[in-house]
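So, here's a batch of structures to check.
Each of the two complexes below includes chain A, the first together with chain B, the second together with chain C.
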Partner chain A sequence: MTKTLLSPAYIMIIGLLGAPIIIGLFGILFPAFGYFPALGAQNWTLHYWQQLFSAPGLLSSVLLSVFTGVMVTIMSVWLSISLVAITYQTQWYKRLQSLLSPILSVPHASIAIGLLFLLSPSGWLLRIISPELTGFLRPPNWITVQDPFGLTLTLALIIKETPYLLFVVAAAIYQLKPSQTLETCQSLGYSRLTTWRKILLPQLYPLIRLPILIVLSFSLTVVDMALIIGPNTPTTFAVLLLSWFNDSDLSYRYVASAGAIMLVLLIAGIIFVWELTRFLLQKMARRERINGKRSGIGDLLLLIGALGGAASFVISFLSLVILPIWAIAKRWRFPDALPSQVSFSNIAQAWPVLSSTTIQTLIIAITSTLIALVVSIFILELLRSNAKTFAANKRFFGNFYSQKPLLFLMYLPILLPQIGFLFGIQVLLISFDANGRYSSVIAMHLLYVLPYVYLTLSAPYQSYNQAYLLEANRLNHKPAINFITIKLAMLKASLCTAFAIGFSVSMAQYLPTLIAGEGRITTLTTEAVTLATSGDRKKVGVFALVQIIFPILVFFAAHTIPIHWTSWRLKLKSILRGQFANRT
Partner chain B sequence: MLKPIAALTLSGALSLFGNLAHADWQDTVADAKGETVYFNAWGGSDNINAYIQWAADKIEAKYDVEVKHVKLTDTANAVNRVIAEKAANKNTLGSIDLMWINGENFRSMKDKGLLYGPFSDSLPNYKAYVDPNARQSLTLDFGTPVDGMEAPWGMAQVIFMYDTATLETPPKSTQELLTYAKKHNGRITYPRPPQFLGSTFLKQALYELTPYRKALSQPVSTIDFDKVTAPLWHYLDQLHPVAWRNGRSFPKNSEEMIRLLDDQEIDVALSFDISAASVQINKGNLPESTRSYVFTNGTIGNTHFLAIPYNSQSSAGAQVVANFLLSPEAQAHKQHPTVWGDLSVLAYDKLNNEDKQRFDDLPKGIATLSISELGKTLPEPHSSWMGALEKEWQKRYAN
Partner chain C sequence: MLIVRNFSLHSQSKCLIDSLSFEVDKGEILTIMGPSGIGKSSLLAYISGTIASDLSAVGDILLNDTTLTSVVPHRRGIGLMQQTPLLFPHMTIAENLLFAVPNLYENKTRHQKVINAIRDLELQGQENKLPDTLSGGQQARVALLRTLLAEPKCLLIDEPFSKLDATLRTTTREFVKEKIKQANIPTIVVTHDPDDASAMGGSIVHL
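Our next item is the complex of A and B:
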């Protein structure tokens, strides 16, 4: 008989992952139907749903969110895939990878602010060409940012999400061994791009489905970027919900809860439609894929996409460059291309807060990421060693006993809108008197760091050839040591990358830090968002600069260390041996 | 025989009572020793943060009370936290001890029983220096009676800022603002309601435009809202097409307006902080030629307050802090134009000569108006107006 899967370890993990989600969801579900004892509300009612649906601007807000969310996802999938297809096997592919880390690691808010400084009518682009080319001595009355259709918000999100997907694609593409496929197909006369289009991309999609859905859900629910660069007449649905949650009329909290539930359902619906559309498109494109043509107009799409992708990199680079310029500006008026007075006083003034905040931020980011790594490895090993049991159980009892519930629970927090879900958890933290402590902030970050770390690690980890470890154990039976010195050592590149991703995810968290930290524990991001609301570009520039530095350092290290690890280790060994030899 | 005894007892009781009150405060100060006060206050402005830090250092030295400033982006976050704590039955060890609060949040917290008190009218500095009759807003916070549940901290008034290098005679009434906007397309705007300054702009305009000014002091539910506000919507319908970004987008707050003024995207910026122009010139965020002004017929002004949540861990410490912030020393420092420039809530006449001197010695910022230049303060409408105006605005212009 098959071993039962309900081992204590498995149940514990399910429990740990599931509890916050259940509490978070009930924390918005009950108030949505009028049950919220804290405010003396104990009467179940549908009143707040009626109020939600009759709220002015609801439909336009929802449409705006859906439009931006879907557009962002389509565009960034297109751009990232095109970039990989075009640059793969060229030196640009590597260059692209090294460009990724700064943009991946910069918090969303900073990109949005940079873009605002760049594109607004008084922004850098117009400053550079004014008044010489435009004749403008004063900024024109144009709507280039915060436009009513959310186009700049869409652009900002594309800039941020394309590198993320590019990263994911680059990590997944390994498994397809594209070089072999390309070689084979090209020897059959298929063009490179056609090979990508017809052979590789259809195989790639299942590997990157989840990240794509994460982008979709994130873009639909993003708050900080939408506040900064999104339209405000009306705002996106997530921002509308935030304003309801924060309304001084406390009865709006119920409406906000109902809205949060609606947002969850909306996302589920859009994901369904998205997958359905993809399925149909793939069906429809089947005939084209197998028509045997060695090249096609479709190749052009990849080319345009790559150009668009390149443009998004240039724009994000400019938005990042402008932040440090603002950080040292004293006076900088339109239409000067550069500050007229420069000073380091902005940085000096910020230093006391900066230094203490930075330390707190690092403690939280490093701890949560390390925990996430250990938990991810534990889960991956649990799944691997029980692979047979899983398969058998699945056969006997269906999906419920497969690994699916576990993965589902892990990814749920990033698919659920932070707003609302986190308020439900806040009540839990307070009742355990765990609010405002490092441990709660780290736990809350873990909800978001763990899925990203797991997602980054699982594919390379699962495709690891276990035979190496088995062979090592046959030669020298020290399973624990071999696990570290053989398996983990061989996976060090993926481990380092997963760490860098987790680190930057933790660095960027705003709402989880705020809610668990209660404002007593602050990070660079919470401080920066607080400052961003003050509209002081100089201060924001300073914080954005520091926010960028640490993740970039970690990404750089994650990239460099695995490459040089062995040579460094051997060098160190030989030095030690040399010293040892000298002494004897 | 009985009379003198009764008198004696009475006077004894009275003096005991006086001592008791005094002793009460001594007890509070003693209780407060060693406490940490989590002061939740909006943290978006450097100079205000620096002022709070200044006060924290003084209080620590004087009373052995540690003040930690929890910097909020929105006071509603703190209100939410108290609600969440009540939901979790955390009725004694709350995470907030003192909060900077506005009229709307005050009303909802007071109504829901989320506040500690009454305490403010028994603070020694309140009794000594505040004249509750000096301004209606000291006892009636946006139409909600204060009842000692919050301590006044400062006074604010709407001011306008403009750059004298680009604008010679600024528009000095709501109507002139429209005339100006029609002539200079895209140079006039106001913060997006429900941001409080944006909502205040609506109230200011309504006050000037409506023929039913008296209705504004009544709860909205008791008057004909559409009739009273019709001139306001008519006005905004005309303003928006010629406003900044054609009324399709609005600045988030005063700080963004100041940035837009400096960028010369707009010609007039609003603030609730009378020294905003001087402070921002000093920081290099506005040109030297910026000046402040108010409308000829006055602008809306109000008082802002400090409140203690019902579940504060350090309510004694919080009272000590609130009391210190009401001291002539703290109030005068706060009114210093480059420190904060927030108006004192103390009655000048009640101060002793030394303290009077503190206020007399305050320098005036280059672009800060004097008390007399600030002119007439228009009262805030009843607090129910704010939500009603915001909702109607949302329905009409953000749909």
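Our next item is the complex of A and C:
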């Protein structure tokens, strides 16, 4: 067989995916060492690193971020795995799955706002139990949300990340065929939970490693949630960096760039420690696994985890329910459990800003998701038609020439902290004067929408039985039309799901809009985050409510429409033209 | 007339078929017999232009004196009927059939052809249902008529009866034979079942 090289289209895709990553990395790497031609700085220096390390409050900010990130990851892994282990093979497992998509689709910012409304000293939780249980007639002087240890931020992140990991675990567990394992082990006398702990979880970890690392990196670097519900003094490291990047003293930009690089190195270090710890724990657990005990106290860990997981679901549900209540509240005095007067005046007042922001949000979300769908389909078709080349290349050149680099480049933006990477890209946007344009905002959103759309679409797309399309092309000599009317039409359920995922990812973006939009283009998320710190709960409630309505609606539509599409189409057809049978 | 000359098939390093040649005339049925895995289906895929990428095949194919090897699959005028009927699940039976009728006819003629086919299939009243409401045997028949409605210049049939039970097999076989006779085109049937091979009534090539 001849040695084949990759097609130009493939190399072009690699270039398109790689370019923003290289630009983003060099866009913070150069300024960190004093090189920033756009600001007229061309002297290489280590000065800004010294300034970074001597910045007041740096250590506490970093420690706070590390604590939050690691705690969130440990907790959400524990809770999600426990929930799956406990509910698997029960009717709760299915119920849990159906609860997932609304929580998954809701932007992080709205969960944080809901939690703020729920847990603050004047929040819903205290209102419900006051004054009967507490005797409070006015909000107590407690520090609950925005606590200095970032505990509420941690809670908010756990609530959002547990459903995500649950979704990932449920998808991965499917490959392990747990029913067979459970049957085998139970016939050996092992309890269900011990089987999970000793047999299934060790097999599961490699399958969910990447999503776990994504959660870790995300929790360490999240900005929007930290702004809403995180501590103020000190703030998390990511929020500190944001304030430096936005400082009116432009020299802080260099320090922020150095800080962003430190954050990347920090994440790499934590991932290393995380994996090392897991490796050691696994070594230690090896002996425990074969000690022959059929059940043990370890099982209790899973039980507690599942209870915690259930609690996190309840809290997230409550924080979503509170949003519409505040949105229509007119009078709501403190100890009352519900508003004494409701009206739509909040919505009417917010309408001028709300409507234009909603339209901007929808334009950005729909455009970026549609582009991501087209690009994903293009890449998947490219991979299919190059399958032979890939197989040959893998044999001769190893993985480097396979499709691995492509996937790596596509997923890298999710793993890199937005706070540094996106400001690196901003350098380029500024020098081309492309800031504050729709195209720039959409391009920034694509960095995050594309990987999720591709991830959702690739498995069903690649398992499509291509024989249908080939048969169609033999019957009717129009391959381009058949591709749409046969292949894509048969894949419409997966396409709709991928659209819903991409749409909700775009809706949730905060930093990409903030950085590329420069305040000229705002979305519901950027508005809600700005308002959340203002304290006007009614207005915030309205924005947060609209912010959750669209993703939930789109998810519902993506689930319903493909199922009924064909029967609706046939009904419409029979109404329009009369039954085909009538003319026989 | 379909002519295949010196067809050879290799997978990785193994030679599956070596230098196979045959001719099939209009209205004739040629049956190719052989155990599974020998490359029978790959031969049909090679003729129709959709051979799997991990196989390498060589050989000349002439259909009515034109070389096919350089023609793109959808322009070859080959009808292929496979084990799975591959009826499009999101289209009704009538739409599936209509999909295949060439659009060089007027719309009225196209519909008439579909109506005739449905009568032929004895599916009157069910034409606006989705194909998954049909039994396996009915699906196979619809698939055959759909293939023939596209007016191929040559028909390839790949183990069409292997999923059917014994009685259904006989009746479906007769139905297929009759339709091939009407269409009057060269036909290749691939099977591993000696009963199928002898029932088709044409010459038999053993691999």
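Here, the second predicted complex is superposed on the first by the 439 of 584 C-alpha atoms of A that agree within 3 Å, B and C clash if a C-alpha of one lies under 4 Å from a C-alpha of the other, contacts with A are read in each partner's own complex, and residues count from 1 in each chain.
In this section, a residue touches a chain if its C-beta (ideal position, glycine included) is under 8 Å from a C-beta of that chain, and two chains touch if they have at least 3 such contacts.
Because the structure is predicted, anything quoted here is derived from the model rather than measured.
Novice: Compare chain B and chain C by how many residues of chain A each one touches, and report the one with more.
Specialist: After superposing on chain A, more of chain A is contacted by B.
Novice: Check the residue A:G135 against both partner chains and state whether it touches chain B (first), chain C (second), both, or neither.
Specialist: After superposition on chain A, A:G135 lies in contact with neither partner.
Novice: I'd like to know which partner A:G292 touches here: chain B for first, chain C for second, both or neither.
Specialist: In the superposition, A:G292 touches no partner, neither chain B nor chain C.
Novice: Please work out whether A:D147 is in contact with chain B alone, chain C alone, both, or neither, and reply first, second, both or neither.
Specialist: first
Novice: Using the touch definition from the top, say if A:P206 reaches chain B (first), chain C (second), both or neither.
Specialist: A:P206 sits against neither chain B nor chain C.
Novice: State whether A:P8 touches chain B only (first), chain C only (second), both chains, or neither.
Specialist: neither
Novice: Have a look at where A:L570 lands relative to chain B and chain C in the superposition and call it first, second, both or neither.
Specialist: After superposition on chain A, A:L570 lies in contact with chain C alone.
Novice: Using the touch rule from the top, collect the residues of chain B that touch chain A in their complex.
Specialist: 38, 40, 43-46, 68, 70-74, 76-77, 79-81, 83-90, 93, 95, 102, 104-105, 107-108, 112, 166, 185-187, 192, 194, 244-250, 252-253, 255-256, 258-260, 262-265, 284-285, 287, 387, 391, 394-395, 397-399
Novice: Touching chain B in the complex: which residues of chain A?
Specialist: Its residues touching chain B are 36-40, 56-57, 60, 121-122, 138-139, 141-143, 146-148, 227, 231-235, 243, 245-250, 253, 329-331, 333-334, 341, 343, 349, 423, 426-428, 430-431, 433, 435-436, 514, 518-520, 522, 527, 529-531, 533-539.
Novice: Please give the residue numbers of chain A that touch chain C in the complex, ascending.
Specialist: It comes out as residues 387-388, 391, 465, 467-468, 470-479, 486, 489-490, 492, 565-566, 570, 574, 579-581, 583-584.
Novice: So in the complex, the part of chain C that touches chain A is made up of which residues?
Specialist: It comes out as residues 48, 50, 53-54, 73-76, 78-80, 82, 84, 86, 88-92, 94, 99-100, 102, 111, 115, 118-119, 124-125, 127-128, 130, 146-147, 149-150, 152.
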